[in-house]
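Letters A, B, C and D mark the chains as written, and numbering starts fresh at 1 in each.
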């Protein structure tokens, strides 16, 4: 009867598994934050049925949720920890060396995609959702033969940073552009296409995956999470605009205020 | 003023009713898990107005919610317990022998349908929802004269096992097929049609019931619940795809990654 | 800064206001149950912006929420109590004599409508929602020039009783019929039309109010609440069926099971 | 790793920053109420991704949320406090003098818009949402070349006051009119257009901002919040009516009850 989320028996938590890396009283510690964020994301419909997930990087250490857990029930003891430096020295890109592993799980197939955000963009957090708004946007774009989600002149666009190593946020009249990559049979195989998209769109903080969902990152947890929320808001709006026959891109003349002082 | 969910007066909980079978401090005990799962399902709109339910099998023992309770208010003391072995020896398929019965309720009409999943598929948990996404899918299929829900090339399909006694999950390009049976005036009468559908679709983990809802099972609570979530996600997506004129089945050429190592 | 829901200062709760009528440690006491139900209804979108409400009858005593409170913040001390017998002896139908009144509120304009359910149908609870699904159904029916919501062959219909002083519930193939009355400028003025609808549809447990919402009652809290949930489910389904071009009434031949024993 | 919502280190809370202004055990104190209201608004989708916000005025003091915080995680120590009288004496409309500032934040760009509601309408509370229902309504109106949202003959309209310094609420047959102003690149620049709309529509309690959201105020927190809820309800209804081809304005003959006494 015991589901896989029941956690670790006490006798398995030996020190050579580095369990101290996921044990903290601080609710802001990554091992505590990932479960609480994922529980919140579950209520938003982003990580339904063990889909999706989140990873946090704290300097060299990367904290990862395991594969196949119910995201609203995850516990700190379920978390994998990996060293970016150690990983960089690994002979194989596909082999991962974990500092700490939960005994009853398998690593998530999302791991190399999260690592891409951390290594190529110095991100502090990366979120992967299966939000059906994201999936519907990719389906609408597929019908149009498009590999880019573009929207402009919506206030919420200001929720996104201008781009990697740039300061400030997008403006209201700026066009938010999110690349779409095609889904692959195995999630790990998405990595090279995600990295290609990052190279082609150096300032994007998100990549849509056709018929699958979206990866969103940010310099820290705050930015990754609020950019992910803003993006999901825009995806929902875009689907509803489509249903109402309203275009995503418009040419609006800026409203100029009278400067009184 | 007392609604039927107020529970048992202390004087009725005699030992010969085997009340110990539903008394445990372990939140993972089926008598505790069914109420907490049903409360969660209520917030998802799956068990509105006493509709739907869930049952858990622990080896020979089957735990069942009673008929007509408000699912978000259910208590461990409301749970029926039945022995599969004793049931198998019963002279009548329609008569049930309960090891433990709550004094103020009637058994659920879903009982024989849950038992079908336990006896024919060795399931550890079966969930029945009235999700309106499930109902809308059966209505859309009815208009098309179809008795099968089919969808492919959506990542969430990977949330389903390949089938009974098979290991591994469906792939992204696989087509998920869920049979639809016609509703009957009395829920118990669905049993033979559910069993027929199980025979005809030996690998399915779910059966849609036209204008009614869906039955979903799994080897354990974790699998039944996550498959039910994934399926509801796909039903919602399918209805929204229909509203946007997008087809559920597509012929997509697999994206082949460049194997770098 | 003090909003009207802050409640009663201690010096106002004198005995001659019968405050003991709303003071109980029992969560099932009407003065406790109305606030907890209304908080739940607020999360369902039924009582947005102080709209809607609920009333419970315990024998001769009727418990009523006041006018204009935020329904998710209501407290037992906010509740009015009225005697049905005393009210029947009142010279004026429009004047109400309260056994207990909260000092800072006005009685709800819904009061005479709740009383109609209690006196004409012996209901134990009546719920009034502004659910936008209910309102949309009345708008769709208005376009069709109809004063009746009719739906059949949906499992959730079985969530309704057969009618006043009848035992058992509607069947799957039965048609659920809910009358629609036109809205009036003042909510109290709905009373005579609600009573007319009750006379014309003696078995209904609900009356829709055009462009306004719905009144739903039941023999007790359990039945009123679950019938209200089932009805809201059906209203939502009906709106979505309309968007998909699916008819609310169909002629389906019953599926006859093979009786094996 | 520390997100900006982690709050103030104890050594920063010196008296000359007037931290006592945001420290109270009373849950109705503005510094406590703004975080609890914003957490509630987050669940309603009104303040997604740090968008939107709320401000409360208590006599001369104005309490404001900072820029860029996750609204469901806000704390009393995050709140700015400003004196209306001191602000009125400031030489520059664009420069704000805060009595109390949280050390790690920037003031919200919404500040001058909230101040407009407080100074021009004597409001006690002003709420700004990015609700996608509000945005969709402005998009639908844009297609019609309209700068006014108008709806009548819906019960929920009675949730609005008749207007500034008028007593009583709108009636069922009254037309609710909400002006729409065009969005500007910088939120502060909306102020003059908001004030113009207030002058042109002296009785409105809300102004829609095209492709952005809505500002709603009221004499106190209760009225601002319930008017904001009622308006969001009407925006959602309006979008759904549009999808169903139902008009927002109708000419309905009042239903006249038979006065029996």
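Rule of thumb we're sticking to: a residue touches a chain if its C-beta (ideal position, glycine included) is under 8 Å from a C-beta of that chain, and two chains touch if they have at least 3 such contacts.
No experiment lies behind these values; they were computed from the predicted model shown.
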Distance in touch steps, counted as few as possible, from chain B out to chain D: 2
Copies chain C and chain D - rotation angle from C-alpha fit, nearest 5 degrees: 90
Whole-Å gap separating chain A and chain B, where each centre is the average of the chain's CA atoms: 31
Distance between the centres, which are taken as Cα means, of chain C and chain A, whole angstrom: 44
Multi-partner residues of chain C (at least 2 other chains): 243
Chain A-touching residues of chain D, taken from the complex the two chains share: 1-6, 45, 48-51, 70, 92-94, 130, 132, 135-136, 139-140, 143, 182-185, 189-193, 209, 211-213, 239, 242-243
Complex contact set, residues of chain B against chain A: 28, 30, 56, 58, 124, 153-156, 159, 171-173, 220-222, 225-230, 232-233, 236-237, 240-241, 243-244, 246, 254-258, 260-261
